[in-house]
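Note that chain A is present in both complexes that follow, paired respectively with chain B and with chain C.
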Partner chain A sequence: MKELNRRDFIKTTTATSAGVVTIASGITLTTYAARPKESDPVTNEKRWGMLIDTNKLTESNIDDMVNACQEEHGWGNETHSTGDQKAGWIKKVKVKDKATERISNLALMCQHCEEPPCVDVCPTNASMKREDGIVLVDRHLCIGCRYCMMACPYDARSFVHETLTDQKTHMPRGKGTVEACTMCVHKVDKGEAPACVASVNSDAVVFGDLYDPTSKINQTLKKVQSTQIRADLNLNTGVRYSGI
Partner chain B sequence: MSRLLIVFLSVMLSSVVAQADHHIPNLGEKATEFKDEGKEAHKRDGMSHAASLILQRKMHPELLSHKRDKTLRQGVRGGVIQLNKCVECHTSVDKNGEFIPVNAPDQFCSTCHKKVGTSLDCFSCHRTTPAEEM
Partner chain C sequence: MSIIRYEQTQGKSLGFYAFIAGLGAFILAALAGVYYMEHNGHHVTGMSNRIVWGLPHVFALFLIVAASGALNVASIASVFQKKIYKPLSRLSGLVALALLAGGLMVLVLDLGRPDRLIVAMTEYNFNSIFAWNIILYNGFFAIVGVYLWMMFERRMNKYSRTVGIAAFTWRLILTTGTGSIFGFLVARQAYDAVMMAPMFVIMSFAFGLAFFILILMASYKWTERQLGDAIVNRLSNLLGVFVAAVLYFVAVYHVGNLYLAENSGVENFFLVDGGIYTQLFWYGQIILGSLVPLALLYSPATRGNRTMLGLASVLIIIGGLVQLYVIIIGGQAYPMELFPGKEILEGYGGIAAYTPTLAELMLGLGGIAVSLIAVTYLIKFLPFLPESLADDVADPHHKG
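This part shows the complex of A and B:
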């Protein structure tokens, strides 16, 4: 057995106690509704997450997800932006295993990390993580420096290069700021599922509270093998994938 | 002496013009209806309607920015202080029945903002007309 030094001991004990807190909050969740009123602040008793099964997800499913996102948030019809300037809140990504030549398609968006690098690098505190794990850009504070875009390992964020009009009421967007998937925070706060999840009919995409032991996502994650993209970075993403 | 008189008269005239220029801002479609029905918009408890309106006029940036942080960062939604509700009542309709952006010249927001020379940044991101489905 490996002998623990002082530092490792502290690390392990902190990790264990955090686990207990999670379980404890999970138990409270089953008894009490975590957020009975929309006027109450969100708490860290929940953590929203998504599980995408690439075996069940077809290419047309992914297109539907992208379209649903565009329709919900009104991005994608920027006229003056070209190439890399175009907004891409959710993307279709093809991954190929070089050894076996197996190709899988996946929908890639903001992974809503527990330790988001975009939040670490933001000089104005505009890039932020809500208590319930949703990572957002506060466009009121964003100065458009794009450090977060550099820091994001998933290339999930985009920058608005042109003046926009006719935005959606629930999704303000403007020139000179960075934007990304919000996990449809406006819908989640109302108790609805994100637009991309709702657009897929099968159970290829599961959305829910990762901490709630009764939630479908929690139970599925316990049963099936799943992975985080770039798990080596230890970001503990909220979006997980199975089948890759 | 005559030169002094001309200066005096021109000062008088300009003040009259300035008075005439001080018109009530274009309240917008729904807000005007609301006012005509004699309802008291923005009325706060323990405060006269006139005082509530002055408070609203002076403090609306503070009220809105306080609420925006709570909404964005803590997920607190609902309530009366919402920018889209401002837009909902204070936009006007043109001859073709289409909404005029609330920040367009001579519309509700820009009338005062132009007068006091303060920038109006809400609408570089936020929608300037009521939601499409309305």
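This part shows the complex of A and C:
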């Protein structure tokens, strides 16, 4: 083996370092370039939606959904906020028909409207709707004016009332900004179902592309009677319910 | 009618510095409150996810509404050519700008992220009534600023009517915009009414004029200048008309709502069994803020009495704050109708609780202090006030 002199040493290490850089930047490039391969680019050819069948959904199912959401996104551990100040991305709602006294239980979260009032009123475009129908808050643009919370007909949004620690890396949250159900966009983009949907073992909650005629949600919606909460507002929600 | 001479106030007396110091203390308290709320987060306030806009918004919107109303005195002079109001035009413009500045300060400092104000100035969603309002507020500063310049600069005087018309139009749009913040919230039963916009315009007339009268009378009294009855009595009559007009709009709003079955619940809440909100509505807004001032302004026993006019103006301001409290807080406290025809047993509903905190109150009062300190200082440095508004100076038809 050839003895390594000073000049060769410098040459070799330089080449190696350059290689690392190349590999590193290659990795970076691959990471960005690979995303569209994992899931299709966000287009308006898809519309993500959810169908919740309250006849099949049990109360413990709803508790599981709430817990799964909390675990996935890390909300609900606020220590200083009290009562209505606590975050609530999804909640259990029990309703009784005034005439028949029939009781239904359902999970209520952001309904991912096609015409979202929160997006209309947001002064800074922080509230936005993706092409595929998922309604999100850009926490870098949110100034914390809470106008979206005034406008939302579903009480679906929460304002962060305190400093937070130990946040999930995929779901940064911030004091003074507004947040809500993201339909687990980080999972959906990887081809997975939202956490709450995955937590229910029966077909009480179906998730999928509303536009795709081969999807289960599309086919089920064609068969069963379903409704939108406050359908009279013409917001065309992405979350639908049957049995209420 | 003699020539109107404008003169700065001296601003050297002990009283002047005591007044400034008092206002300064309120502003410091407001800043301390803001630091406390922003450092800890809004959990230290009475606000929540149900009552998202609290007491600071009540003060902020009150001041913004009053700001556009304070400009009316100048508009009556330049747009409607009523000469007797002309000497008051400069002060009218100043009070308008000062009230707007105070209101905006409160609004911005109550944001979750006031440090991101630059985002609000650079990212516009033109569908948002809030975004329009940001443009309308900035435009108001610019137009009224130019308007004041036209009035101050003698060779520009000839343009003051044109700019005055522009300013008058702008302020009508501005208050319409402020009212529309609420008018188009379809989900909230207390708000979803186009009526909100014109009602806010009329409210602005009354609140703005009440502020203007108080500032006018105080500044003339404290600087020992003459202020004749000719002007004061006219302003007093005008104030009464505006207060009556607000009452009319409030009546139409509630009676109109009662007619629709879907709104009977929310109307019942405001008018009959809404606890604190019902009490505030009847005792605060209607009796103390409207009927008592009307009696003070028009009853033969108190009519023409400056102290009573001052008292009426203070009551109108308090009544106005109460009115906005009932609209803003009460309107949020009443739950949205999520499931028409169904009763919600769990998960949402009920009247949301709200107890304002001291920090919120101090922020709101700080906004008023900012407005007053701006007026007090600027009339010292620029000739806003005529040196005399005695009847023979101010009133062209005065028989002396």
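Quick note on the criterion: the second predicted complex is superposed on the first by the 204 of 244 C-alpha atoms of A that agree within 3 Å, B and C clash if a C-alpha of one lies under 4 Å from a C-alpha of the other, contacts with A are read in each partner's own complex, and residues count from 1 in each chain.
The working rule: contacts are C-beta pairs under 8 Å (C-beta built on N, C-alpha and C of every residue); 3 or more make two chains touch, one makes a residue touch a chain.
Not measured: the values here are computed from a predicted model.
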Return fit or clash for chain B versus chain C, each positioned on chain A through the superposition.
fit
Check whether A:Asp155 is in contact with chain B, with chain C, with both or with neither, and answer first, second, both or neither.
second
So, does A:Thr169 touch the first partner chain B, the second partner chain C, both, or neither?
first
Which partner does A:Ile143 reach: the first (chain B), the second (chain C), both, or neither?
second
Tell me which partner A:Lys56 touches in the superposition: chain B (first), chain C (second), both or neither.
neither
Looking at the overlay, what does A:Lys216 touch: chain B (first), chain C (second), both, or neither?
neither
Just chain B (first), just chain C (second), both, or neither: which does A:Cys122 touch?
second
Touch check for A:Thr177: first (chain B), second (chain C), both, or neither?
both
Determine, under the contact definition given at the top, whether A:Asp189 touches first (chain B), second (chain C), both, or neither.
first
By how many Å are the closest C-alpha atoms of chain B and chain C apart after the superposition?
11
Chain A positions within both the chain B interface and the chain C interface are 163, 175-177
Flag every residue of chain B that touches chain A in the complex, lowest number first.
65, 68-70, 72-79, 84, 101, 124-131
Which of the residues in chain A end up touching chain C in this complex?
78, 80-88, 91-99, 103, 108, 117, 119-126, 141-147, 149-155, 157-163, 175-178, 229-230, 232-233, 244
Give every residue of chain A touching chain B within the complex, in rising order.
38-42, 128, 130-132, 136, 138-140, 163-169, 172-177, 185-186, 189-190
Would you pull the chain C residues touching chain A in the complex into a rising list?
38, 40-44, 47-53, 111-114, 116-117, 119-120, 123-125, 127-131, 134, 181, 185-188, 332, 336-348, 352-353
